[in-house]
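Shown next, in structure tokens, is the structure this report addresses.
Which chain is which? They are A, B, C, D, E and F, in the order written, and residues in each are numbered from 1.
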Amino acid sequence: MLERKLIEALHYIKKFKGKTFVIKFGGEILEDENVLDTVAEDLCLLHDIGIKLVVMHGAGTLISSNMRKFGLEPEFVRGERVTDEKTLELVISSLIRVNNKIVGNINKNNPIAIGLGGSVFRVRRKRKELGYVGEVIDVNSKLLSEIIESGYMPVIFPIGIDESGNSFNINADVVAGEVAKALNATKMIILTNVDGVLDRNGRLIKQLDIKSARELIKNEVVTGGMIPKLESGIRALSEGVERVHIVKAGEHAILGELLTKEGSGTMLLR
Amino acid sequence: MLERKLIEALHYIKKFKGKTFVIKFGGEILEDENVLDTVAEDLCLLHDIGIKLVVMHGAGTLISSNMRKFGLEPEFVRGERVTDEKTLELVISSLIRVNNKIVGNINKNNPIAIGLGGSVFRVRRKRKELGYVGEVIDVNSKLLSEIIESGYMPVIFPIGIDESGNSFNINADVVAGEVAKALNATKMIILTNVDGVLDRNGRLIKQLDIKSARELIKNEVVTGGMIPKLESGIRALSEGVERVHIVKAGEHAILGELLTKEGSGTMLLR
Amino acid sequence: MLERKLIEALHYIKKFKGKTFVIKFGGEILEDENVLDTVAEDLCLLHDIGIKLVVMHGAGTLISSNMRKFGLEPEFVRGERVTDEKTLELVISSLIRVNNKIVGNINKNNPIAIGLGGSVFRVRRKRKELGYVGEVIDVNSKLLSEIIESGYMPVIFPIGIDESGNSFNINADVVAGEVAKALNATKMIILTNVDGVLDRNGRLIKQLDIKSARELIKNEVVTGGMIPKLESGIRALSEGVERVHIVKAGEHAILGELLTKEGSGTMLLR
Amino acid sequence: MLERKLIEALHYIKKFKGKTFVIKFGGEILEDENVLDTVAEDLCLLHDIGIKLVVMHGAGTLISSNMRKFGLEPEFVRGERVTDEKTLELVISSLIRVNNKIVGNINKNNPIAIGLGGSVFRVRRKRKELGYVGEVIDVNSKLLSEIIESGYMPVIFPIGIDESGNSFNINADVVAGEVAKALNATKMIILTNVDGVLDRNGRLIKQLDIKSARELIKNEVVTGGMIPKLESGIRALSEGVERVHIVKAGEHAILGELLTKEGSGTMLLR
Amino acid sequence: MLERKLIEALHYIKKFKGKTFVIKFGGEILEDENVLDTVAEDLCLLHDIGIKLVVMHGAGTLISSNMRKFGLEPEFVRGERVTDEKTLELVISSLIRVNNKIVGNINKNNPIAIGLGGSVFRVRRKRKELGYVGEVIDVNSKLLSEIIESGYMPVIFPIGIDESGNSFNINADVVAGEVAKALNATKMIILTNVDGVLDRNGRLIKQLDIKSARELIKNEVVTGGMIPKLESGIRALSEGVERVHIVKAGEHAILGELLTKEGSGTMLLR
Amino acid sequence: MLERKLIEALHYIKKFKGKTFVIKFGGEILEDENVLDTVAEDLCLLHDIGIKLVVMHGAGTLISSNMRKFGLEPEFVRGERVTDEKTLELVISSLIRVNNKIVGNINKNNPIAIGLGGSVFRVRRKRKELGYVGEVIDVNSKLLSEIIESGYMPVIFPIGIDESGNSFNINADVVAGEVAKALNATKMIILTNVDGVLDRNGRLIKQLDIKSARELIKNEVVTGGMIPKLESGIRALSEGVERVHIVKAGEHAILGELLTKEGSGTMLLR
């Protein structure tokens, strides 16, 4: 039976070679050192067998906790963080620290990860009341492609620059979709801390099309942090990504999802 | 006479083509938007005629002013900033904002600047009492070289990563020297807000060897912010850089210094 | 646990990429269509993930049974087939039919297998009493390398040509070792119809060095057809091959042996 | 006058450089060692001056004489050999021995000839009553081209493989035409043991178009073994070959035919 | 202000890199050694910064003075030199001596100049009464391009060859236009001994379109040697050259004209 | 027998492919249009089969006859032409007309010949009393090699340039040897109007070593114009050329000499 599994895996390896996958780190997994370690190992293996990877992340709850350390109270308008000048400082520093953490873990063995942000995204202010929140005008896909083709793995934090050189906070989910589109990525893998999307009875849903995903949200089967993940996945599919996988980070579930037929998480398709 | 100048410039252009120059932004010039604009224009021109540029910067006084906004008081031990966790947040955010500002200015016309840091430097904690201050173990010169050879201009902020993925503040001057060495840079250009090194009578010194530079410091002819610049220049020379130029940022003094015989600032040599 | 296996496999894939392996078909497996089918699938997968393969084979019992069909009685002198002119006809035709069978199975999906022999080996008559039995003077490794580098998989039958253009039967085991040496192969995989080398109690021996292998033969723990396999393996090791694997053909045991830590057969090393 | 001849030859060399020629060995020339030697020398020279050669051959009368040695009686249906299992053994062995003979002669100086068959032709059973006689479904022209471009000279025997890996006898003349077509050969050279096509008075016909060739056959001016040669030539012309030459093997008549204006044999054209 | 000039120059350098310019030497400048020296220096600099240059010249008054030395009287029909056999000798020798002079001056530092003529131009006799005066049928632009791409600077004298291998005198102005067209030159620079085209009051005209240029000739504001220069310029513009510059040779006016906004001579455009 | 000749020729073609031959035109053959035509055809053929050719020539008696047309009397000092300014004019024009004649003949079919001189040779004045006679300081072999590698055939006239850009007459024989040396030519072919070197009885000497050649001169068996040819050949051999051939121009004797065993002229070797 093991050999059957190996054969399956080899077929997937052949199929994925040379393809570009966007890996999106859910905020909830960023604090667990062990998880980061396991994920880094998986990413290195995928990279080594010839898959082109781009890692995207936010900073999860670190921004808010950092704000509170400085006596600031997080404030959101329709899910988006109001980002005044002081908040921006902590958004940036939190993102960079997370970025360095991910880069550091990947580069332990082989220095292939490159932290990037800012120079990759040209943005403009989104809405005045949100402060320093930007919306992406342009992704420097030429730069990203060249770096990937040279064998490096960009690890991207969602900060952009406007035409005056000012820094802006941008939504990591939106950015992940834009990057996937700009690089013609065939897969987006969203890493989370649960097994995947669960049905009404708490059983893992292996495969899901856009329509069913929307119903799960509407019927409130899916709740909380899984909602933006599903929405981000739906958006990616509509921008040309072929498959979106929502997988548990840790326990090498990424490999289980990508290299076995049953997978280990939830696969979204059109 | 103009033609004579053009001929001189053309000879320098021939000579510098394909060479690598490290541009070090002094902290004092980072706040003046006009200066940044002029410098960006100069760097683009130098890049376009075939000189390979790497930009290095710190964050100048921005860190301290940002700290004070948050009610923190900067503290130094023998010239080095004590960097506790809270301070680190503001060090990082200030550096990134400066980085984005420089990148944004350069990229206005042609998106060639890439903000880099973290992934470029492997560091370890320097001295316990300094907190998150790191010393460089390794510069990823392979990555930098490939990016430069692809026609990009790295703009580097002095943050490094230790073996656990933690972020560390590193001294920008030291880093500039290490980068220059790692890339076999032939020139380092230190941008400041004065014309160059002045003698006892306030007259610009056009050319200076290491020995004389040390005497100027010892005899206190040179004081204040110019001291670390001279020291940084001396260190760069001792690590293989052939010429160090201390030049006024703005008024296109970089071009004047590099492309004319008289120069516009001070040139240091061994 | 599956994921652990996948990780192991991925590490082996990284390690074996670009290496050359010689696959030696034991005669006992050539008649079973299902086995050939499974082996062909395994070889294609190994080829697709970047391992360079050269297949070597004899004709097993087919020569003798073909001879008997034509009323000839096989005759051996110290283990080598006496090959008169009539016998040579049936040696050749049996080898080519086996070669075509293997090539045909591999090429079902992707026409990468190339039957080769004759032009690859320059030989001279070995001993007069053996008739048309040749010994190898030269292997055309340049030709083999170019064909392998172009992405093809040579399937080699042991017939050589002497300086007058006459055809000679050559010992497949000896030839396999010569080819492995000529191509700097790092592994030789000997396919058989049992699990591997068994100890006195009929249990599989996972790993074996040359000295122990020789004792197993001397003490008659190993008998019959396994003896020439072990000897062929020992010879290959002494000619520079790093590892020899004796594996069951079928049930994808090749993959099990190559891509898992426990392996599925017996590994010989120096 | 010699110089005039040299000039002519040089013009032909210029013209033929980089072109692909198919050389078809008539069965009647295979047994004469001296002839093979001379032909091999000619082919090496043509190869060395930059002509791409593919050699095709059958086994002539060797199959039948080998059959008789084993007490089998050759049987033909409308010119095609009935090939039962036993006959197939001797067809194969005879072809391989001839192949090795040709390869061996060519490779005496420079190992450029490669014996190929089986893996080159995908076939299916032609007609049940003929036994193991195949018809070509596909020629692996990609493989042949790469081998030729690498500087090798394929020497091809007419055995093909069906989808189950079984070996089949195929008609050498038909195969020659298919190979010529698959490789966009501009010339086919048919080697025989007479000077070329003779007219009613026994005089050599230097040039012949398809229509006249057909009349020669119809009017029984051409008889015996020359008929299939002419037919094979006509077929080759109709499949895109520009010129077919029927030339005596030996006495370097190939060079005489190709590199002089008068030629030494018969040239067929549309 | 100097820096402003340098920036301007750098912008022009960027713009002109990789472009082809035809440099036409007016006859009046050929005798002044100092001028040739300065021009050579300018051409080397333009070449070194990546502009592709082709130099064209006539022999000015040297032909006539050489003729008189040998007792021949120059004769012209509608502006064209009647070239009998004896005259042709002196036309050729004068052109070659000028060519060698220019080549020698350029090659003092770096042997990049190549004297060419004859083999570049296929011509036929123009009008019988003019003797050996040819008109160009074909420019060997493939040869010129390859030489330029290899980093050389052709210096071309206006002699052509007819189909019998005879030498012909050809009009240098016409030839310059043909060469510019054949090489897709974007600029033609006509070197003279005055500042450029002057208006009725003797003031330099900085810029001139075709229509105005024609009026200047018609109204006899422009007279003498400047007329053929203007006409040559107008012809070049009509054959695809984008800009024609009439500049004083010497005092590095070429650089002044090409690398500054005000220029130093007269620029013609459509 | 013809085929034997073809085989010989093909072996020579293989051997000479990619080699560089210097072709030296004796002055005596330059006036015969038919001869030039035949030689041009031979050179084109040699070029087309892959031999790299460089043609060298003088102007034979044309200079003197041209001088007389202008009333000048040729004057020689120890075999070298006294070249005052007026003589130089006619030396140059005669050489260029011969050069154009040769280039024109070669380029009739394929424009591969390039007239070169001047820019190829850096010279200095040889002896004051000889006037404008130069001796070669440097051959621009880099330029020549690049032009040859691009598939062109330089046709070189013996004029050089001194450091002031002045033109000088140089000895064609000496130049031919220098060029052969600079290009590592393996053969020099000297074209003349007799069959080769003749012995005392007027019979052609097929092969000659340096020692015997010197004796032939000393014993006055060889006289007149053949002496400088032999001396030029001896010099070439001593500068690294492997074989020197003295061959009749016309009747395609070049091909006869190069591509047949007997040759058609005289071969000199060390």
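Rule of thumb we're sticking to: a contact is a pair of C-beta atoms (placed from the backbone, for glycine too) under 8 Å apart; a residue touches a chain by one contact, two chains touch by 3 or more.
Nothing here was measured: the structure is a model prediction, and the numbers come from that model.
Steps from subunit A to subunit E, taking the shortest chain of touch contacts, total 2.
Touching subunit C and subunit E at once is no chain at all. Counting every residue number used by either copy at the subunit A-subunit B contact, over half are found in both chains. Chain centres here are Cα averages; for subunit C and subunit F they lie 63 Å apart.
Separation between the centroids of subunit B and subunit E, computed from CA atoms only, is 48 Å. We define each chain's centre as the mean of its Cα atoms; on that basis subunit A and subunit F are separated by 75 Å.
Residue positions of subunit C with contacts to 2 or more other chains are absent. If each chain is drawn as a node and touching chains are joined, the picture is one closed loop, every chain linked to exactly two others.
Chain order round the ring, anchored at subunit E and oriented towards subunit F, is E, F, D, C, A, B. Within the complex, the subunit C residues that touch subunit D are 36, 66, 69-70, 86, 88-90, 92-94, 96-97, 99-105, 107-108, 111, 113-119, 122, 140, 142-143, 146-147, 150, 152, 155, 159, 161-167. Residue ranges on subunit C touching subunit A, taken from their complex, read 2-7, 9-11, 13-14, 41-42, 45, 48-49, 251-253, 255-256, 259-260, 264.
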